[in-house]
Amino acid sequence: MQFLSPEEWQAVALSLRVALWATVLSLPPGIFVAFALARWEFPGKQLLNGLVHLPLILPPVVTGYLLLLTFGTRGPVGAPLAELGIVFAFRWTGAALAAAIMGFPLLVRAIRLSIEAVDPRLEQAAGTLGASRLWVFGTVTLPLILPGILAGAILAFAKAMGEFGATITFVSNIPGETRTLPSAIYAFLQVPGGEASALRLVAVSVVIAMAALLLSEVLSRRIAARVGGA
Amino acid sequence: ETVVVFAAASLKNAMDDIAASYTEETGKEAAVSFAGSSVLARQIQAGAPADVFISANTSWMDALQDDGVLVDGSRSDLLGNSIVLIAHGEAKPVTISENLPLPDMLGDDRLAMALVDGVPAGVYGKAALESLGLWDAVSPQVAQADNVRAALALVATGEAPYGIVYATDAVAEDDVTPIGTFPEDSHDPIIYPAARTTFGGSDAGQQFLDYLKGPVAREAFERQGFTVLSE
Amino acid sequence: MSLSVDIRHRLGDFSLDAQFEAPQGVSVLFGRSGSGKSTIVNAVAGLLRPDAGRIALGDVPLFDADKRLHVPLHRRRLGYIFQDARLFPHLTVRQNLAYGRFFAPKAESGASFDHVTEMLGLGHLLSRRPATLSGGERQRTAIGRALLAKPRLLLADEPLAALDAERKAEILPYFERLRDEADVPILYVSHAPSEVARLATSVIAIRNGRVVRQGPASVILSDPAVTPLGPRAAGAMIETTLLNQHPDGLSELQAGALRLLVPRVDRPAGAPVRVHIEAQDVMIALTRPEGISALNVLPVIVRGIRMGNGPGALVQLDANGALLLARITRRSVGALGLAEGMQVHAVLKAVSVSRQSVEGTA
Amino acid sequence: MQFLSPEEWQAVALSLRVALWATVLSLPPGIFVAFALARWEFPGKQLLNGLVHLPLILPPVVTGYLLLLTFGTRGPVGAPLAELGIVFAFRWTGAALAAAIMGFPLLVRAIRLSIEAVDPRLEQAAGTLGASRLWVFGTVTLPLILPGILAGAILAFAKAMGEFGATITFVSNIPGETRTLPSAIYAFLQVPGGEASALRLVAVSVVIAMAALLLSEVLSRRIAARVGGA
Amino acid sequence: MSLSVDIRHRLGDFSLDAQFEAPQGVSVLFGRSGSGKSTIVNAVAGLLRPDAGRIALGDVPLFDADKRLHVPLHRRRLGYIFQDARLFPHLTVRQNLAYGRFFAPKAESGASFDHVTEMLGLGHLLSRRPATLSGGERQRTAIGRALLAKPRLLLADEPLAALDAERKAEILPYFERLRDEADVPILYVSHAPSEVARLATSVIAIRNGRVVRQGPASVILSDPAVTPLGPRAAGAMIETTLLNQHPDGLSELQAGALRLLVPRVDRPAGAPVRVHIEAQDVMIALTRPEGISALNVLPVIVRGIRMGNGPGALVQLDANGALLLARITRRSVGALGLAEGMQVHAVLKAVSVSRQSVEGTA
């Protein structure tokens, strides 16, 4: 007997894909927004900050509902995008979008904290050596905040692996396309006798997330050792 | 060709079996998306590519019909269900009527239900208690869960001594005993309507809808305790 | 290329109002702790935007409050050696050194990597990271990093404070060579009189955010009325020519009719050599003393006497056109009956014209 | 006409109470765990780290279910606590517990990052001046990580305001006791036409969370100004 | 109370193996950048646990590898003045200063807050935060903070490197007073010969992690065979008694038959005064020179001559029991025909026995 059925494997694979894409694609905007919030002053800064945090504050179902309204095939953003062939609704891409948005506040917060911890005098030193702001960012700030980025990314990844409410509300729970691990777990929990199956899937998702966590610890320790010496 | 079915989550066990045999017999895939009826209905309103929708209550199906996203004439009442009073562990059966001493049975403890203002099982339960004249006495003690299974879990763990759930939910849980079924006339009939949506491909949807009314599906539904309404 | 600074700036209670010209060569900003030296350097570097005024390097304006011009720091191409090294903790010493080089125009020439690492004794540290370096090693790396960026102006904020005397002596010549060989003006903050005396082309004395005195080092350091470096460090700066090398390790220098014997200066005959003679290393004798260990005894004329508040006095001496300062006691002024115009002898020990105050200009 | 019904006001007040308590009470253990993870080496460190992150990884419903099993009146932890008069089941205290646990990974991550950014040489300096580890922590580390604590706390608070799945599963939805804003919003979303009511409540929860966010920004800026000078 | 250190430790390629005793007074750790000075100080402070050996302060062991003893740093009660100030950024200057005081035993006496702030010129900075301080202001605050913690041992890692000469001159006396008045040994890292000469009771010379020479400052600094401070700073340390004050701002000192005129020393007659005479400030004359500005001309006997590699030589002179060093050229050694046992005159300028090398012991 196999530990997981083919359908369950499919859910595992899908969840991994969704979480990975969600994390990877939200990194660039996450870093950018974190930097803007940490270092710049601009009108609407607090609004941006609030917007970023919204998915954390709202019940996930509400976020999912808003996503459905906005990015659905009839939504104000989803419709034009659909014309361009970019469809989120009821696709795994939509699951990734939902996961990315739900993880975004975690990502941004973590990165922002570590940007704020970077000594601006080091960046000044890089500036005097001829590095433009962008270069300073790439060669000094970015390497120094790597542990923070890693921490943020792992949080976002873990969140993406566990995200359920917004995902199921936005893209439903279609096997092979949008049925992620948590959706599968949810479905099992809705019917008599589903607990055992649910627990198996929970175990799988815990193992994956723990592995990611451990990896990030090891990486971040290695980075710290490089920077901190010893 | 794959048929996409949006089905209320409480149908999962039966629908999984039906989808499997459907594939076996027709060679076509059936992808069933399980979620709360409200979630699925909203998605269909937003244009979800569902061929068939099976709701756990009539109100959401009514709403879709008003929106004009259902294929005319495809709607039918597929299944029926009943709600039962369950108790934690072993317990004696009771007769559910106006005379049921539910407040005394509860004492200071809680009565577990699904959300009485939203989730179908909770709505039916509340209506039943109201028509029996018990609601006012027990309502302060009602613990509402976000779905029937969560309410069931409250009773299974003993957190709440009693609960109201679907008959179909009560059967498989060892730690609870159904001690009485609510009279059919104490609440609106519990009906699971099914219909095709205008966003689905017509052929596959109709074929699956027919299959749901066939003998294989009937057996699967009945195995889970549902009443099959379609002829 | 020269740097001109004219800025006003407030920082809390502190107000800066500084005007000065830093000509080609090394301009030393000199003043006590908290007088505003780092603030000025930061303004030049572009780290700080002054409230008002202008800063220009040669014809190139770097800052002009009226024109709302503020060249961003990375376009100024200034090598800044910070008081605190500010090495990049995530980069090795080698990568730190190479950092600025990467952004420098490839076409321009500059100090070679190998040269700089060798001179600063960094060779064995190249693969280390800053966290494991000692304070001095860190500062040496910072100096190398700035040098390798091919800067148009070098800013050094007490770059040697953390170094031991030997390292200082090793690194100072490189600043001198930069001053003399490259077209790179250096704005140098220092507390150390020996560094000032040795390096300064011009001195800018700062007090409480104001420039209290500025001018060529030779003028300021030889002026008995100003002793920006404290009485001990007052002295004369004399431009000489290397005459010849003696076999016992001494070099003979000439300035007009003046002859000086100093510890060996490694230059060819004919090379110009600048020597600094501290006032306290000069004694005055009425007659030429005989049987004495001092090698340099010069006939001089007393040009001025300035009595101090304490027991000391500064005497300005004219040695055939070259001005010397002697710091002696007021008692001796009286005992010797010194007066302006008197003909006396200046006794200076050869060794007091130390290696540190001798350097060549190529 | 009032904007909110009395019952809805009750939900708002309850959510605030739950979120505040959840945040405040999880701060001490959060700081402690963050410190342990940032600075100490001990066996089981990775296990602790994993455990802290679990609520992030698991679908909230699962977390709620596990809480029910553990902290229910008959659970292995809940039963002895109940004897002491500490009851979580069906109480707002249970909602606070659920919110605290769901927010814990966010809190710990944020604090941990800022602890890692504290220069240990400052702590050494405090040690040479006679401060014991505890004093060093209280007088040097803690003040320096205040922005991180604030950031973590606001994340946790926002999360607590939005938490739904674990809360309703653990303590269900009892008006006045455990019906938090998200539970109320969820209930509205279950019925056709409930969107408008749900949106009103969403607006309330957004306003509250934004206010908290803004407050934390202001505070954290003030702290930064104190520490960073200028 | 004296500090005894005997430790071995490895750091990457660097290995430390140091044994020394630091008696009451100021022990200066002297050595070039990267030689291991800070590492030793860190081991004493308890910031670093050496691989092997032991450290004790008086009878109290602080570290003993064999006994697995490692007193935690906060129980060692050592005031540590770091090379980088390490002020607490979230506290005001006042709070930084008061920090250690809070943990010190209330019963014990120590420098008063007002005294320390005044001496270090911190009065107007008390409500500021470290981020707004200049480098020197920061270091002064760090010194004050350590002093106010009532330490049993003061560790100072180049505490004055960032200070200007005037501040140095202001702060040094306090270290001296600490050395002389309080029962607080001081382990002091310095690159600056003038600080070493002035402060050191004993000198510990470090090279590559090894102690190459240690002993009382007066012995090490007067020994022509060792010039730990570089040839320029070699000199003699002479214990004298203040004889009387002259009206023209000079003080007369006596050491046996020796008389010295130095700039005024603010002490009562009879007070002991230690003077440091740098070898380069001493000239040798065969006959007593007349009509010369130098006030101190002492009959001396040549005790030893050490030729250097360069043009210089060090001559040890016996002035009635007090040993002097003179640094002159090899040429002069030849010209004057110097030899051991010869009777000559040492010429030292009064001003060269500067205020900086004169200090009293109460």
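Letters A, B, C, D and E mark the chains in the order given here, with residues in each chain numbered from 1 onward.
Basically, a contact is a pair of C-beta atoms (placed from the backbone, for glycine too) under 8 Å apart; a residue touches a chain by one contact, two chains touch by 3 or more.
These numbers were taken from a predicted model, which means no experiment stands behind them.
Touching subunit D and subunit E at once is no chain at all. Among the remaining chains, those touching subunit A as well as subunit B are D. Distance from subunit C peaks, on a Cα-centroid basis, for B. The busiest chain interface, judged by C-beta pairs in contact, is C-E.
When chain centres are defined as mean Cα coordinates, B lies farthest from subunit E. Centre-to-centre separation of subunit A and subunit C, using mean CA positions: 56 Å.
Subunit A and subunit D have Cα centroids separated by 20 Å.
The distance from the centre of subunit B to the centre of subunit E, each centre being the mean of the chain's C-alpha atoms, comes to 90 Å. Chain contacts: subunit C has residues 84, 132 touching two or more partner chains.
In subunit A, the residues touching two or more other chains are 61, 65, 186, 189. Residue positions of subunit B touching 2 or more other chains: none. Those chain pairs judged to touch are A-B, A-C, A-D, B-D, C-E, D-E. For subunit E in complex with subunit D, the residues that touch the partner chain are 45-47, 72-74, 76-80, 82, 84, 86, 88-91, 99-100, 102-104, 129-132, 145-146, 149, 155. By the touch criterion stated above, subunit A contacts subunit C in their complex at residues 121-122, 124-133, 135-136, 139-140, 143-144, 226-230. Remark: subunit D residues 61, 64-65, 68-69, 72-75, 89-90, 164-165, 168-169, 171-174, 178, 183, 186-194 touch subunit B in the complex.
Interface of subunit B with subunit A (complex): residues 4, 6, 9-13, 31-35, 39-40, 42-43, 46-49, 147-149, 168-173, 224. Residues 36, 38, 41, 59-60, 62-63, 110, 112, 115, 117-119, 142-146, 150-151, 153-154, 157-159 of subunit B are the ones that touch subunit D when the two sit in their complex.
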